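Letters are used for the chains, namely A, B, C and D, taken in the order the chains are written, and counting of residues starts over at 1 for each.
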Amino acid sequence: MITLGANQYGKAEVRLVHVRRAADRHEIRDLNVSVTLAGDMAATHLTGDNAAVLPTDSQKNTVYAFAREHGVGAPEEFAMRLARHFVDAGPTTHRARVGIEEYAWDRIPVTGHSFVRGGREVRTARVTRSAAGTHVVSGVRDMTVLKTTGSEFWGFAKDEYTTLPETRDRVLATTVHAEWRHRAGRVADWDASYAGVRGALLDAFAGTHSLSLQQTLYAMGSRVLTAYGEQICEIRLSLPNKHHIAVDLAPFGLDNPNEVFYAADRPYGLIEGTVRHDDAAPAEDAW
Amino acid sequence: MITLGANQYGKAEVRLVHVRRAADRHEIRDLNVSVTLAGDMAATHLTGDNAAVLPTDSQKNTVYAFAREHGVGAPEEFAMRLARHFVDAGPTTHRARVGIEEYAWDRIPVTGHSFVRGGREVRTARVTRSAAGTHVVSGVRDMTVLKTTGSEFWGFAKDEYTTLPETRDRVLATTVHAEWRHRAGRVADWDASYAGVRGALLDAFAGTHSLSLQQTLYAMGSRVLTAYGEQICEIRLSLPNKHHIAVDLAPFGLDNPNEVFYAADRPYGLIEGTVRHDDAAPAEDAW
Amino acid sequence: MITLGANQYGKAEVRLVHVRRAADRHEIRDLNVSVTLAGDMAATHLTGDNAAVLPTDSQKNTVYAFAREHGVGAPEEFAMRLARHFVDAGPTTHRARVGIEEYAWDRIPVTGHSFVRGGREVRTARVTRSAAGTHVVSGVRDMTVLKTTGSEFWGFAKDEYTTLPETRDRVLATTVHAEWRHRAGRVADWDASYAGVRGALLDAFAGTHSLSLQQTLYAMGSRVLTAYGEQICEIRLSLPNKHHIAVDLAPFGLDNPNEVFYAADRPYGLIEGTVRHDDAAPAEDAW
Amino acid sequence: MITLGANQYGKAEVRLVHVRRAADRHEIRDLNVSVTLAGDMAATHLTGDNAAVLPTDSQKNTVYAFAREHGVGAPEEFAMRLARHFVDAGPTTHRARVGIEEYAWDRIPVTGHSFVRGGREVRTARVTRSAAGTHVVSGVRDMTVLKTTGSEFWGFAKDEYTTLPETRDRVLATTVHAEWRHRAGRVADWDASYAGVRGALLDAFAGTHSLSLQQTLYAMGSRVLTAYGEQICEIRLSLPNKHHIAVDLAPFGLDNPNEVFYAADRPYGLIEGTVRHDDAAPAEDAW
């Protein structure tokens, strides 16, 4: 018999810019908010009876109205407030997930109300609320890092399709996509927490003499859990290996002492892993 | 204590174009192949000992060599062949997943060896092999469809943030992302199977008088399972609601009888759901 | 002294979907319309006096209102109607340019009002109107074509940085971006004209035994001008050479008789050229 | 008669990362280099005789070899060196244009050889060399700026399609794409020159009370020419008006004192203009 399985719905990519206007100095938050609701939605799927369906347009309106009613603050706080609302609002929503991307802006010094988009990195927050509780996951993506030395790759398995030479010195570059799960109720200042974790990721990348990108991944994850283990119980990292290939200049009578590189687009290695405290209860629903 | 959790690695986006050269008529397959391996990889993460790591470069080489040694054929077949190789090749790989995107080309009639890229749709295949067996998931993405009538949305839940008017006639548009899981050993001709499922999805979209996009989603999924239930046990669909908003032309003294629409980019609704046969064993590992 | 030079302004990327509703069969046009106006705009630049500035919001409204008032039809016709309006509307606009992208949809056979996005190609139109007259330029972009044989490249210049081997058989692939300028008043059916030129471009690509992509470019351009010289006086082509590199499989004991290719992203060759009738008056303003 | 018109060819998007290795501190330059050559290329177009064609592959090799032979330095310098080489190398190349994009990296403080991609902005350089001389154009793109106040728009022309209300306070946001042409031989330190112009653009954007985006454009351009008129004779700006629309919260019983905005994607206004010194000789070939 054919049946309906897992399902969810919501409004994706609600673009919100919020301005907090102090006398001489404005603050802005630039967010992309996505709401996902799940509950007993069999009727709309099977018969088109929409009595349990809160329009995604209403979800969008809620994002904008909440920004005015309650302000925005850190993306984790705004997401928690929205998720609570959607679950508490009615019996048909069993689980709400609110995902937020935040884009950074730097001040232009001349005035208190002019800004230039900073950094390429995107800060993320993901809050999942259901009867089982609330999970908060913070993250960063599109943070591209590169080391010009301090990276080796040798001693690997070889099969009949292996031609890669071993190397004791290579460029290592990756675009960090990381998300970390918070223990309940431990973070007071989400902006400070984000800045701290971001710094720990950068320090571990830079400070680790790397024998493999996997080793660097584990070093980055364990650095965060060591420094912020009171708050954070698990971190997941996805690290594309952005290959920088030393160009063979011998045909032109030139050597290349790791100075001239071709930055390749595709293919790329992709290293993914989780680092966690062993006291952390699994929580697949959080992600 | 800090520990290593789930992890995997591989080579992503190996771009392969394969030409089969018959006398007067060439055949091409244009693929983007991604390999992901998992196994006992603690050593490389914890100490940088790479003895169990097959370089992602070797994985890339394997893709190209296999194309020559065995030909390519349907993406599901090529993915199965590669996944089997990686799992069987050594004891350190416990699970291999091969994901393939295929891009369509149409013949230019003049000759037997000239082609023009067809369609915007991408055909996908995803094969997962481990000791527990082999899963084959086929799919399509970026297949954008639109109905100019035959879609309603009313009778929905209303809260204090609801302003959306009910409608008995709207444009319905979505970009289909669907993946379907095959029962083991049932498909003989993967290309024919793909064409059949694609056709069923289009027919169900077009032929369903829609009271909600959820209803259309379920109609599309159940149409596939009804027609191909011998082969396919589960289908997952992700359908963004690409809003087409009738422009208010009253300020210019004009009516707008559902004729002039603004095609919005963001935000968009996002409807996701699974339709399955109730005899299908769950297989999260397949996805 | 610092002065204001050339300037223009307008509304870009107005997304319009127009539905023509016959009893059983609907027709759609899916357009992206950009309007650019130029005139005596010194005041707004120098003092912020906007008396001569027609808001870009009004330009957007005009696009939607015209779709209802006059219908849409071929993109060239719609662009001409809009350009005429903007120039004739007031003395401050000396030149209007309307650029349109059209996206193709195919019918889903089940009903008369369901569609699936077809092709990856974008049809373009560009109309420029000023006191000097009206220019109409039609075009196509993102039309990717590939030949598996019938392409050579040898006998080229060699300098101290040349390592490329000569070849008598290679894959030739490019993404056609072409625009052609019409003689005034010659085309009656713009949709038929577009289909004809598109076909001529494909035929010439496929039918030309190529010694260089430049030769193919000229063959494509001259084919169009030969077949449609009554209507078209000039064509400009931009052809990226999408390199398909035969993979060296010798390390694996395999030959590669032009069967297995790596499709590279970057860098790419870029070949650009104009083919024209020598009786065509130059018209830089048309582009 | 059908003839060949203007034409050019070259290698686009050569990705080069160059490392300068001092003892404790490495410097990197991350570039995307495109070469375009023009000359007497009739033969290859008309007959496929490639004797005058320097393969684009050789052009790519030259980029990498020059990075090793001469170092890289500022993108303007690297582009000048390459352009000179291509014109001087042989009689068949009459004009060489080298375009460079540079991506910014910030140091990670821990070590002297670790970096994180900074900013979203792209620095550009474009050098054109022919018998007529050498033009150097520097630029920036993707520099997104926003003011939360200090922007008005009123007193504009109104036609029958105008519905936009006048405003005395709006958010003004744009993504700056600017290119400026240098007088010959005036700049000694290209990196300092770029930093200065970038700062002037930001200062003028922030410091100008704006009555129109056109006025802001002129203020930005004239600020640069005022401060750097000894070096720079012309600047071209393209400024999309990234609309931020105050959300109407009245349906929810809320006011919105310019605090909650929807950041729209499309359509957008597009304001383009040139500011120049009147002593600057026109030089269309430079762009």
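Following the convention adopted for this analysis, a contact is a pair of C-beta atoms (placed from the backbone, for glycine too) under 8 Å apart; a residue touches a chain by one contact, two chains touch by 3 or more.
Since this is a predicted model, take the numbers as computed values, not measurements.
Novice: Taking each chain's centre as the mean of its CA atoms, which one is farthest from the centre of subunit A?
Specialist: C
Novice: By the contact definition above, name the pair with the higher C-beta contact count: A-C or C-D.
Specialist: C-D is joined by more C-beta pairs in contact.
Novice: Where the CA atoms of subunit A average out and where those of subunit C average out, how many Å apart are those spots?
Specialist: 38
Novice: What is the distance, in whole Å, between the centres of subunit B and subunit C, each centre taken as the mean of its C-alpha atoms?
Specialist: Between these chains, centre-to-centre, one finds 30 Å.
Novice: How big is the gap, in whole Å, between where the Cα atoms of subunit C centre and where those of subunit D centre?
Specialist: Chain centroid spacing, subunit C to subunit D, equals 23 Å.
Novice: Among all residues of subunit A, which ones touch two or more of the remaining chains?
Specialist: In subunit A, 15, 61, 65, 161, 163, 251-252, 265-266 touch at least two other chains.
Novice: Using the touch definition from the top, list the residues of subunit C that touch subunit A in their complex.
Specialist: 160-161, 163, 251-252, 265-266
Novice: Quick one: in the complex, what on subunit C touches subunit B?
Specialist: 15-21, 26, 28, 30, 61, 64-65, 67-69, 105, 108, 110-111, 113-120, 143-150, 171, 202-203, 205-207, 244, 247, 249, 251-252, 254-265
Novice: Touching residues of subunit A toward subunit B in the complex: what are they?
Specialist: Listed in rising order, the residues of subunit A that touch subunit B are 1-15, 34, 36, 41, 44-62, 65, 89-90, 92, 153-159, 161-164, 210-212, 214-215, 217-218, 221-222, 225-226, 229, 234, 236, 240-241, 266-279.
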